[in-house]
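Multiple structures follow.
Look at the two complexes coming up: chain A is in both, with chain B in one and chain C in the other.
Presenting the complex of A and B:
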């Protein structure tokens, strides 16, 4: 199946509009996992990553990662080809550990934001204190008026996941702000 | 070098000349000048005309509190800004500035006739003078008053500049970079805390910029300032921001900063924003805003050349500008004496110092004598002369309350000081309480509501030594509160200028008080006698006096006028000032451009617009769009030459005859999943869900606790534990929030979870007799026959090789399917179906056709046919309410007496007597059009369309007791005629529903 370009007004390329590199990441598998924390061990086994217990915690294996966004809520990220395997694996524990595993792969579009001034760029529209988001963690927050999940990979590498229809607004603002950084004022 | 510039003096760069224009004339200034300082250096005091009386005015201050010297600036097309303060606007090569509120010229202004007619313009004049005849108000008085009053002219072109926004978090935010703020920054910065220090001026230093004689820690003031700024800049935990005004102080230490980025630049870099709004969340805030000088109130205190002594000192010491050649000082505070001495040292002839006080420090008298300045103790000012510039001042001795004969002293600058008012604006934003200091007669900060610390002159402390000490302590308190250990530095000061003073109501005079033009509010032209008149006419609270006289209501928010207004009002009322009250300051502290507030929200980025994955196809195919909540949706697809009516008629016809396709992706979708999913559905929705088999769908109706319809949608049961819920487009977020709310607060025991999947799926609706024929070849894994996949079925299968959730449902009354595929495939599938559909003349249709087709079937739209007061029975869908259910949201309310009463408004159909007449949605309905006005309205039209299928118009309406009025004629009065219509059932087309089973 030929994957449709989700972005109708901008090609999937790094946008060199300023000092920060903006990249639309390729499609991935995403699940919203809702589960009683008592079942976390079973879910960790099913997914193959120890699911973080703290809200904001982000745990990774080689190809999968999981972020905790609420007391009973996780987002699972995996490679595009892993979808069915993960579904099957969680189906196997459902009768013992009931949960909700909902495919949200297409709900979101991911943007990678890299560079010395990446955090500064995000301050144009993110009300959170970015210094309080340690590398290897993430938060659900706002970017301008859009809800996003903001991951901090390293001190100068972030990832924004945003609902598909909110994406153009977020992307456009990132580019406006990147140009603003380039202006020097 | 211009006439009034002292070579080498001040902080301006004398070596870099700058040329600018004011009212068309070219002037020279130097780098570092404001428009005001540069014009003063050229001997120009006259910079504007006043608001009401068109009196000539010049700058009275040297800062952002300036009420008089308001100018228009222009940087090219669309870049005109009115009411810019000349005392703040920096000059650059090519700046064009102009004066305001004058015609034909600043020197000769026709509007100044108002000054002669001042008796007409007393307090509240527009409530009195222009009352009769009443009809004149709209046509004559208001337009004339509006044209005559006002200051600058509003810009008429779109603003081409861009504006920016940032969020910022810090441990300590310091507002004001005078001695107190700088000392606070040193303490807090050295502690390692994250510090932000902001100042509205071009450079930091505050008072130090105007008082270079002070020695701090053995250094001259300016050397100390330079070393301090270097140290602060060297700390990577300290951020210094100039040209940045803290405009508002909001809850939980959120402070808004407005930063000016380009207004001082001759050449602006590409993509640079003009201004930036910073939203700072500070753990601790230090307010070191200083104090604002207070005018003395006497006749003629507003002539060009009359200004604050402190301002004259700033122009002299910071800008190297003499404000005149022959000055007179009138003061009630020691600070102005130093101004006199500085001016005398700079070669200005100081003719006299008139002090209202009988006692002054002997060393002042001695210094004055040494400098040859005449000292007039216990004196008042009774008037001034001069038209475009002050020429002389009349001073009188006051002995035992008696005003003696006046004496005229020639001068071209009259420098006044009526004391200093601590700047409490930001503190006032926090709703912190104010304490009245009856000795100093000022308000001081009292109880705090936020984590803030007030330092220096802002809390009534006078002198640089005390400001430094207090600032250092405040910085320490703030840093400690933010969790850092501090060491408070010591700042020994020599040659400090301490002292005190008294405050006054209007100065005593031997002249007729009724004729005195003694201004309190320079910007709104409010005089002392206006305040007294307001009190005589019954105003007792300062809030009423303020509104009646407009005192303090100009853009400077009474920075100069509030305390004098209060003092005089209190005197007139006969109470102490705090009993009369102080008006509340509100953000922004200084005028702020709309652009700064709007930030990035302009043009295409004005508001977030959601688009579906299929939106691009609709755009390429020239759809007309309409906004539906945040979404933009294809409204109809006009062929060339078609208007909306014809396009919709064609789309309706094509769908009913063969096949239509519709982008339904905006429908809200919620995945309800878990072992208790069915129990949760039973409790939320009115319908029973237990017996709904997997693979089947049901229309779901959601009520609020009040029993009124909130939302609806078709819900599919995918498996025993999983439901695919759809909601209205606008209701998606609301419904999910409501469900989560119940789940988390009422039923935390239920093992069920909710996930928004609105955007996971792109949804394509296919309707029409050929719908099955079109999709059958694409579908894998589901038999589409009537037997295997009847109306109201759902299946997880593949469509065109894409994993899909396929529904057989219909919102049109035709055979219908809705295909949900992962959003990335939405457009591709749409295009495939469109191509394959050509054999059936497939017709893409938009929301308008969808509305018509559903109305023909009597299907309601929540929010259009319901308005938050409609029950299921009112809407005629009582069948959707489970009669045997133990409970669901809204069930108890449905039994309320008024919800079961006779005569409630019920949804019915309306057919106009003339089949071509289209009713207006929202039109009111009456039973008897001949009854007297006001008529009793018994309902209104909720939906109204041309039905191509019926060849006539149709309408839905809510009407009192509607269902018992079948066949009855009702009337719809319109502005030009009364329309008549018959009440019918709501289903106009295929009432047996045969077409669904095709």
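Presenting the complex of A and C:
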């Protein structure tokens, strides 16, 4: 793990600036999948996870997961070493089920947000009603002015995936908001 | 903040996630080269600018990313309804019912 914060020029992996724990997650394999929902069964078989049909749905197997972001758009998550296997598997169904599978692994950085007050921390910059995001689901939304994908693992554990260039802004904002929670603001 | 119902997400969500995308139900001419300059100008630039019930496109850009249609009262800023792109515009009777 060697994410450089361009502001501070030092490797960072976690911050304990307040009651909520902020952790940068290890690199992972991420694909953006665009496909006609009619081809969902074939794609599910190729990936090894039943791709959710409802927007916001998030399905998991032991090491892979898939989230539905739009009517024909999914993000597939897997371990870093799985990349080529997934590409090969989708290449196998391409002639029967046309689709677009784009490697976006390096485009995004994932931040885990854990603690009783995690949801409260996110309300600082996320316009969504977080109570409407059930554990085990996720959505594309905004965090301040940056587009993010927000996952909710459990009631007090979230994950934000943000484009690399927006990361310093989102990360600093989370740290500042966490300090505000600590100071009772 | 306005709350807008996305017909694809089937959820009512904050305006910040959406972008306005101009008047709805404007058909692209099938044969642009057969049109006069005036007709082409009208297609490109001339819009209703309606005071009252307006049919318009929106995009859930920071969400499911889909374009959809909406009916909004430009005086009160109230959304009467939203519906998926490609579906017909609601009739006057339907809109009257929604406005009650």
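By our rule, the second predicted complex is superposed on the first by the 174 of 185 C-alpha atoms of A that agree within 3 Å, B and C clash if a C-alpha of one lies under 4 Å from a C-alpha of the other, contacts with A are read in each partner's own complex, and residues count from 1 in each chain.
Here is the rule we use: a contact is a pair of C-beta atoms (placed from the backbone, for glycine too) under 8 Å apart; a residue touches a chain by one contact, two chains touch by 3 or more.
Model, not experiment: these values are computed from the prediction.
Asker: Figure out whether A:141 sits in contact with chain B (first) or chain C (second), or with both, or with neither.
Answerer: A:141 sits against chain C, while chain B stays out of touch.
Asker: Answer with first, second, both or neither: which of chain B and chain C does A:99 touch in the superposed model?
Answerer: A:99 sits against chain B, while chain C stays out of touch.
Asker: Have a look at where A:164 lands relative to chain B and chain C in the superposition and call it first, second, both or neither.
Answerer: first
Asker: Now for A:118: first (chain B), second (chain C), both, or neither, which partner does it touch?
Answerer: After superposition on chain A, A:118 lies in contact with neither partner.
Asker: Comparing chain B against chain C, which has contacts with more of the residues in chain A?
Answerer: Of chain B and chain C, more residues of chain A lie in contact with B.
Asker: Just checking: does A:127 make contact with chain B only, chain C only, both, or neither of them? Give me first, second, both or neither.
Answerer: A:127: touches chain B and chain C.
Asker: With the two complexes superposed on chain A, say which partner A:150 touches: chain B (first), chain C (second), both, or neither.
Answerer: The answer is neither, since A:150 touches no partner chain.
Asker: So which bits of chain A does chain B touch that chain C touches too?
Answerer: 127-128, 132
Asker: Which residues of chain B touch chain A in the complex?
Answerer: That would be residues 162, 164-169, 261-262, 269-273, 279, 281, 600, 604-605, 607-613, 615-616, 631, 671, 673-675, 721, 751-761, 801-802, 822-828 of chain B.
Asker: Can you name the residues of chain C that touch chain A in the complex?
Answerer: 1, 8-11, 13-14, 16-17, 62-66
Asker: Which of the residues in chain A come into contact with chain B in the complex?
Answerer: Against chain B, the touching part of chain A is residues 1-4, 6, 8, 27, 32, 34-36, 72, 98-108, 123-132, 144-146, 163-166, 168-169, 172-173, 176-177, 179-180, 182-185.
Asker: Where on chain A is chain C touching in the complex?
Answerer: Interface residues on chain A, with respect to chain C: 55-56, 69-71, 73, 127-128, 132, 139-142, 147.
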